[in-house]
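Please read the structure below before turning to the comments.
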């Protein structure tokens, strides 16, 4: 089991390495970018660059410095916020995004799994069609349409929730962004669970469980749920990716000071180092997610655990 | 003595996009307390579905008519809660494929104990102890170790022992075993049949043994019912059926069993033809196309199940216009 | 092969949801193409007398106007045209790249295949969206970059599927026959392999088109895609979101149209997949 995990970890490292290297060379290739020798930049920025990157040194030395800095979590100075390093900005924004993203993910799972199960148990009846139609809507419509619409309905017409803004620890301000963010993965999870549960319910071991006279909720929760959740486990990395991309939009619309909003601002302002740092952070997160899912698989299916 | 299980005119059909398929046609049978009844038939004869109906395990698109009474109580249409109260406890079923019939991600101990926790109100601790005792009773060596293992870590024979033990935990009045040895090696088959025999002696429950193999059924059962195309075509006490089969189908089945004592054969005997498609509506006798004794009447008039007046004086029935002479 | 198509068409025709969705799609396309003829306003004229006006018959501003007095009906339709065009072109790009890559990898096999698949694995592990944003920062927002990067969203899965199909077809007899008759590798791939992988390709294409349209709108919403003076549904929605309180129609019209478009594409895609897939769900 440990060996399996380490093998997977070893496989993930080259991917990360490629990303990091690609970022390094891309930034230097940017026309009109920070390393374009024809550029004239404000002297403070130039000074920062010199000290941070050692631009007078050969490129391989720069590369080594870059890798070394990365390992210490140093992404260099921001290009637009002169007094801040990228690391500081990420440090400020990350907790907000983490809160937003994890609540959204949790909501997607907490609602999606029961809804999918419910649909499977009412297969081909009204409840099934209704929930699956809603799921299609959730999947098809992007969060940057959903959130403003929700804001229009709940914020402006009904005055129940604030449309934008952020106060630490405020649930009201998180409600709509979390909902908009959670809706697509929630819908996908509901559909996956429904299909998977329908399959599992046809299994012979479920027939045995019913034959033993176990009540329906016991059969579902103890016997059917774990195998039915395997496709959901596979879906977790794309779900996290979806929430990450969604957060760019949601944070921008709702004015939440998370790294998503920084990324968008950075892209609009051409703050190269900021965007590069974000890309590396997001990639690392996604890869870590993939590894976690492998562990989850082993728990869900003991055969994987014992045979590895 | 009222029968433990009493089935009257049971008909099971399944709705399909293009019409419905009738799997069980007007089947009536009874199982007395402590009796062992064998049900024999080819795949598609309806033998499994009839008992799935009794256990309430039919697919969602099934339509059921008739009556199935367990200890006098009607099972068909029974509310879920009452049905769950009975199945697994007073009336249990063992299935053919022990690998896929046990939940892969739960330990054996859990799957056994939950029956007692659910039906006997025991604590998990007590139930687990009882489970271990049961494993010992079904001759599973190293019972304690096995309790902590997962189904895929046990061999087919061991898994089937677990299934048998699982069905006996609440001391049921009736156990239905659907092809319990079909998926197992021949040597293991014998062991499982011995186990069933021993359990019958120890627990005293009624046993319904469903199989396509007359040999399996012959050893253990007091009485045998033969099914074909959803109907019972013959029933008799075991010895009587084996020595004096009345229905041509039964006779052909018996001929298919190669004998160790007879002359060496060049080809194994088989039954010509195929059983009818499960959905087909048949005028006359369903076996007519394959029957060596068929005459014009057999094609137009369906034979009814009638008393066969067996030589041993016990109850025997046969559905044939021209049954074999005694 | 043709009976498969006949069967599928029949199943599709009896699917009410999919047929509705198809109708909506055709209406939207028709609207974007002939709509402008019915409306005298162009998407660029600034009508100062009707700034941020509610939808009304006055001045033929059926969907109202935006902050600069531009007719929303015209702008939304142009936005839809742009989104559809980008969607189709980029989908075509990703299809071509995906099919080509997959067919080559599957057909040549061996180490080349292994290397190519490893490449795909690595690319799948990346959050492509972020990389594309990174690229727009570096290389600026050219249409050219936009097409290729948006196309990059869909080709990975396509390549995998095509490669799988190709591998399974490779061993079949007619390939041997073609090789025996001296056909070159490229010719075999184009004339024999590709026609036989069309089935699953169509299925995934139905997933890719809405994905790509969504991605393009996403980029323009953030301000990283198609910008002023061209309209794109994403940019229009962003504008509308800003004016939500005062002029909700600026959000509702383009937002509603994009939502309908994506919904219809998804439902029709679902229907198409159900029709082509034998298993009943």
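By letter and in written order, the chains are A, B and C; residue numbering begins at 1 in each of them.
Quick note on the criterion: a residue touches a chain if its C-beta (ideal position, glycine included) is under 8 Å from a C-beta of that chain, and two chains touch if they have at least 3 such contacts.
What you are looking at is a predicted structure, and each value in this text was computed from that prediction instead of being measured.
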Original post:
Which one of the chains is closest to the middle, using the mean of its C-alpha atoms?
Top reply: A
**OP:** Please name the chain that ends up farthest from chain C once chain centres are defined by their CA atoms averaged.
**Re:** B
Original post:
Any idea how many Å lie between the Cα centroids of chain A and chain C?
Top reply: 23
**OP:** Could you put a whole-Å number on the gap between the CA centroids of chain B and chain C?
**Re:** 57
**OP:** Return the distance between the CA-based centres of chain A and chain B, expressed in whole Å.
**Re:** 53
Subject >> Interface hub residues of chain C, defined as touching at least two other chains >> reply: none
Original post:
Okay, in this complex, where on chain A does chain C touch?
Top reply: 12, 14-15, 18-19, 23, 26-27, 29-33, 136-137, 139-142, 144-145, 148-149, 151-152, 156, 163, 195, 198, 241, 244-245, 248-249, 252-253, 263-264, 266-268, 270-272, 275-276, 278-279, 282-283, 286-287, 290
Original post:
Can you list the residues on chain A that touch chain B in the complex?
Top reply: 123, 203-205, 207-216, 218, 222-223, 226-227, 300-303, 306
Original post:
Quick one: in the complex, what on chain C touches chain A?
Top reply: 122, 125-127, 129-131, 133-140, 210, 214, 217-218, 221-224, 234, 237-238, 240-241, 244-245, 248, 251-252, 255, 258-259, 262-263, 265-267, 270, 281
**OP:** Note which residues of chain B are touching chain A in the complex, please.
**Re:** 55-57, 60, 80-81, 83-89, 92-93, 95, 97, 100-106, 114-115, 118-119, 150, 152-153, 163, 166
